[in-house]
Amino acid sequence: MTSAVRTTRIGAGTYLVEHDGRNETVYVAGPASDRWVFWNGQVFRGDFRPDTPLTAPAAGPKAGAHGSVTAIVAPMPARVGSVAVAIGSRVRKGDILIVLEAMKMELPIRAPGDGVVAAVHCEEGQLVQADAALMDLE
Amino acid sequence: MIRRVLIANRGEIALRIIQACREMNIETIAVFSDADARAPHVLAADRAVAIGPAPAIQSYLSIPTLISAARAERADAVHPGYGFLSESAAFARACEQAGVVFVGPPSEVISRMGSKIEARQLMQSAGVPIVPGHVPHDQSDSGVRRALEEIGFPALVKASAGGGGKGMRVVEGIAEATGAVQAARREAVASFGDGTLYVERLLDRPRHVEVQVFADAFGHTTHLFERECSAQRRHQKVLEESPSPALTPALRQRMTQAAVAAARAAEYRNAGTIEFLVEGRGDGANFYFLEMNTRLQVEHAVTEAVVGVDLVRAQLLVASGEPLPWEEGSLAQRGHAIEARVYAEDPSREFLPQAGRLLLYREPRMPGVRVDAGVAEGHEVTVHYDPMLAKVIAVGETRDAAISRLAAALRAYPVLGIRTNIPYLLAVLDHSRFRSGDIDTSFLDREAGDLVHSVPEPPAFLREALRQLGDEADEPRTTTHEANTDPWLTLRDWRA
Amino acid sequence: MIRRVLIANRGEIALRIIQACREMNIETIAVFSDADARAPHVLAADRAVAIGPAPAIQSYLSIPTLISAARAERADAVHPGYGFLSESAAFARACEQAGVVFVGPPSEVISRMGSKIEARQLMQSAGVPIVPGHVPHDQSDSGVRRALEEIGFPALVKASAGGGGKGMRVVEGIAEATGAVQAARREAVASFGDGTLYVERLLDRPRHVEVQVFADAFGHTTHLFERECSAQRRHQKVLEESPSPALTPALRQRMTQAAVAAARAAEYRNAGTIEFLVEGRGDGANFYFLEMNTRLQVEHAVTEAVVGVDLVRAQLLVASGEPLPWEEGSLAQRGHAIEARVYAEDPSREFLPQAGRLLLYREPRMPGVRVDAGVAEGHEVTVHYDPMLAKVIAVGETRDAAISRLAAALRAYPVLGIRTNIPYLLAVLDHSRFRSGDIDTSFLDREAGDLVHSVPEPPAFLREALRQLGDEADEPRTTTHEANTDPWLTLRDWRA
Amino acid sequence: MTSAVRTTRIGAGTYLVEHDGRNETVYVAGPASDRWVFWNGQVFRGDFRPDTPLTAPAAGPKAGAHGSVTAIVAPMPARVGSVAVAIGSRVRKGDILIVLEAMKMELPIRAPGDGVVAAVHCEEGQLVQADAALMDLE
């Protein structure tokens, strides 16, 4: 069986995708390395170029691992509501480390794994930007 | 008649009010914080006034600033919208003192209904059912146990001084009563230094059903039927509809009459909502007063669709001293309407609120669908305000038709650049319990919490289409569509 | 139930039908001429089939091509929309013979009601009033004069063989009868070689009021109230509304019952419209059958808004063999709806139709306003098809509120690159006669023909703003928004 | 009295014009020499640059005058329905010269002034483009 996919730009960020005799409208935004794609109520995000392995979007609070140290970063601009642990605290995966406040809501930041708090880079009431380092876990 | 309204709000509700004013030949004055200098509501109004920095406390919540703006612009009325200062008795009073009409009830009504204790007493005296509960006179173990027995199980025992669940125990039956009372008292003492206990009926899987009421200054108080708002996630309404799938005609009759009695007892004026919890099913179900919202609701559009009225127009008429614009007994529900709130939040990451730029934003456009939104493509969604981007209201001849239409609209509503709850809303609309209409206020948290727990994989055709796109960029978007934080191309001033 | 519909139409009505199908889980197949390869209805459908060159006669009017397309795509139904082949008995018959459901009445009903003479006789036998007139047996001067006297003055005498006004004379009274009869006979002989005369009542400033009817295969025939369409320019409807400002409850009752009787007499199925002319005012007004439209009307959205129904959904249900989806006696009018047809025509140049590219096109978006359009920014409006770009439907609690809302929507509806009748529509909506509701079918031609006779001057602030703009161009528009005749960026095919 | 006009681009072809304390939204398309402008339901067209005298849009069918000859041109793409006059015919201002057909409608092309038909460049049934020469009047 032969099937063809034909992609035609029909407007700003809007594409007609013809496949198996069907018409689908697909919306695309963002650079090729980080595409946002909307189709039929679903949103997909990633790098979909031919030679790039599929990347799943990060889940949970972003945690950058540097050697044995895991950096806990703010997932969005926010106000630090409270810091629940101090340097030296032992934490278990899922424990609340920090509570951020944004858009009238509280966002608990949880430990991505077991560890010990190696550094705290924020304090209560502070405004932090997205990706700002909040804490290091060892 | 009101001629010039200052709108003490932003976003979709400010736009909604501007629209109503325009159709009534009322001039509109928008207010804006530094973050909103070029927001849609500012562009849509006839005039606009800067009221301070981005944080709401310094702008949209600043009573003196708003009153000065209203005076400076010679506004004869202020519409507070919902949220912000809409239920602030102090703001209503400040308007009254400044000689500006507050589009809402008098300040004393706001403060009366804003006090849980006063409101509860008022309802009780008006014969409106409230959740049974009281502070037992005899605070001994056996005294509190007897009070629990009288109220019936399951029951709640909690710290009278407290709130937020501290010192609260669910008591399923008499056997566990003494233990629960003692534990609750210990926690009450520890948390509040006061061991006095309060006992209350625990409602069994209640539904949230509210009744829209409206009253004028000529003694007319009417209701505009109910809205079913049981689809809540962590006490945040997600989907609202009318009629309620749970109300029989007899129950509807009892509840709407209770709501009118409640509004009359409160000496209410203008638009308000009586929220009830409903326990049980059918004609014999029980309902209990929860609270009164002394303002326009987010979900007012559901009532507008089903009852065929314009609530904002009616608010402005009544605030102008006109009688209610509806004939006695002429209002009725017709068809079905359902509203979805589109939030900037990521359902696959514990509903984390999202901020960022709307890289692409296109609203669905189809018969029977209304979209009330306060954002536009290229705009920045900031952390300063509510994460609700838009409301989508679908109306149909039947509940099924309305739900199908809402789903069709959401499937044609691309929002890119930040995550939204649209995939979650679609999953809820597709859930068999939701489709059957048989849900209670804990449904979403209990059964639908993980509906969108993982990000789906694109289907094969889509993967191929994206591969074909390769590096192609389609980026003039942010320059052709404006960004509210972009440098503005401001042309030279001209003075004559 | 129908599963797969071929839509034998284009533009806004094709989009409307696709939307209804989507909500009912019916697959849609669009058809398109060469001029429409990337038209909105093609993009919106699930599948699309090319049916020939731009001229409609070779594409949208080609019965064999459409039937082959329906067969090739295994469609189980065809929806004809309005215009094109929607009232072609031959097309309906071809569908019937191909075993494809025609969404409309049976072909013999179309041909019966399509014949003016047959329809008139049928209505007469069903007791539905028709405009009094006949061919007098005695064709002598005195015989025709007697016939005129019987019919009453003013009357018309015209060539029985003719049409189009040739040999037609208005006779105001008996004094001028003989002269008029002789002149008419002379012209009739000269034009048609046949001096036989026909006499007819001349209606005094009639209104055009039509009744929506609907019938299923189970013997149910119902009406969905009236639409007032007296605002016509050269027999082209411009504004339609419901309820009619001219109908009293008693008159409405008589007219809707006559419409149901007419539909029954025609053995009608599916959606149809009985057009009447109404003479006089109040309960005692007379109405006369004009013709039956055996299809969906352009203005069906007015009925949808006021009666709260989905007529296209009902069409698809009834065509699937389902009964009417409405309970007997459950339908009622509520509030007021008014529709404006936005045409590509220049009101300041004798309404010359306009063709060209839509340099800028933004639809208004506001509560209570529905826009059904078949065009988009950057698209080319061609000479091949109807110049109607869109319909704007506003609904309100009262006629005044609906009109104000429609005006607000039109004032927020920028269409640049070609002229439209929007300024004219605004002038008509502002006309005191229109506002009072007291108009007849000749109102626009008689009194409102020159409402927009000159192009207005921009106000001073606007002139200054444009001066400030200088040479600034904002042209990426035609590249970011697509143009349906632009070279298409088609990416490589991929075969697996 | 002092009054200021401030013009700010707020989107594609969309401008906020602030004047006398009021906000107006204005839509603009087309080149500076032939602007299309929409404000409050009204459309304006012309060249609005500082040094250009105001041009009123042409009214009636375009007639280009060359010496004593007036060219009658098609105002839009259309089909020639009928030609009502022949070479040598005397015509009066307002007489119908040609009837074009487009978009299911008839468009009568009338004489812009008195004259004599000097040339006929079209025939019945012919498809003509916008601005195509149809006839010359002397």
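Just so it is clear, A, B, C and D label the chains in written order, and each chain counts residues from 1 on its own.
Basically, contacts are C-beta pairs under 8 Å (C-beta built on N, C-alpha and C of every residue); 3 or more make two chains touch, one makes a residue touch a chain.
These numbers were taken from a predicted model, which means no experiment stands behind them.
Peer 1: So, comparing C-alpha centroids, which chain is the farthest one from chain B?
Peer 2: When every chain centre is compared against chain B, the largest gap points to D.
Peer 1: How many angstrom lie between the centres of chain A and chain D, each centre taken as the mean Cα position?
Peer 2: Centre separation, chain A to chain D: 55 Å.
Peer 1: How many angstrom between the C-alpha centroids of chain C and chain B?
Peer 2: 41
Peer 1: Could you give the separation in Å between the centres of chain C and chain D, each centre being the mean of its C-alpha atoms?
Peer 2: Taking the average C-alpha coordinate of chain C and of chain D, the gap between them is 29 Å.
Peer 1: What positions in chain A touch 2 or more of the other chains?
Peer 2: If we look for residues of chain A contacting two or more partner chains, we find 5, 7, 9, 12.
Peer 1: Do you know which chain C residues sit against two or more other chains?
Peer 2: 464, 467-469, 474, 476-477, 480, 491, 494
Peer 1: Treating touching as the only link between chains, describe the layout with one word: line, ring, star, complete or other.
Peer 2: other
Peer 1: Please list each pair of chains that are touching.
Peer 2: In this structure, the chains touch in these pairs: A-B, A-C, B-C, B-D, C-D.
Peer 1: Taking the touch rule as given, give the residues of chain B at its contact with chain A in the complex, in rising order.
Peer 2: 344, 348-349, 352-356, 359-360, 362, 382-387, 407, 410-417, 419-420, 422-423, 426, 455-458, 461-477, 480
Peer 1: Okay, in this complex, where on chain D does chain C touch?
Peer 2: Residue list for chain D touching chain C: 5, 7, 9, 12-13, 15, 17, 19-20, 24, 26-32, 35-45, 48-50, 56-57, 59-60, 75-78, 102-105, 107, 130.
Peer 1: Enumerate the contact residues on chain B facing chain C in the complex.
Peer 2: 16, 19, 22-24, 301, 304, 308-310, 313, 325, 334-335, 363, 365-368, 370-372, 396-397, 401, 404-405, 408, 464, 467-469, 474, 476-477, 479-480, 491-492, 494, 496
Peer 1: Flag every residue of chain D that touches chain B in the complex, lowest number first.
Peer 2: Of all residues in chain D, those touching chain B are 2-12, 14, 16, 21-23, 25.
Peer 1: Quick one: in the complex, what on chain C touches chain A?
Peer 2: 38, 42-48, 376, 378, 480-482, 488-491, 493-496
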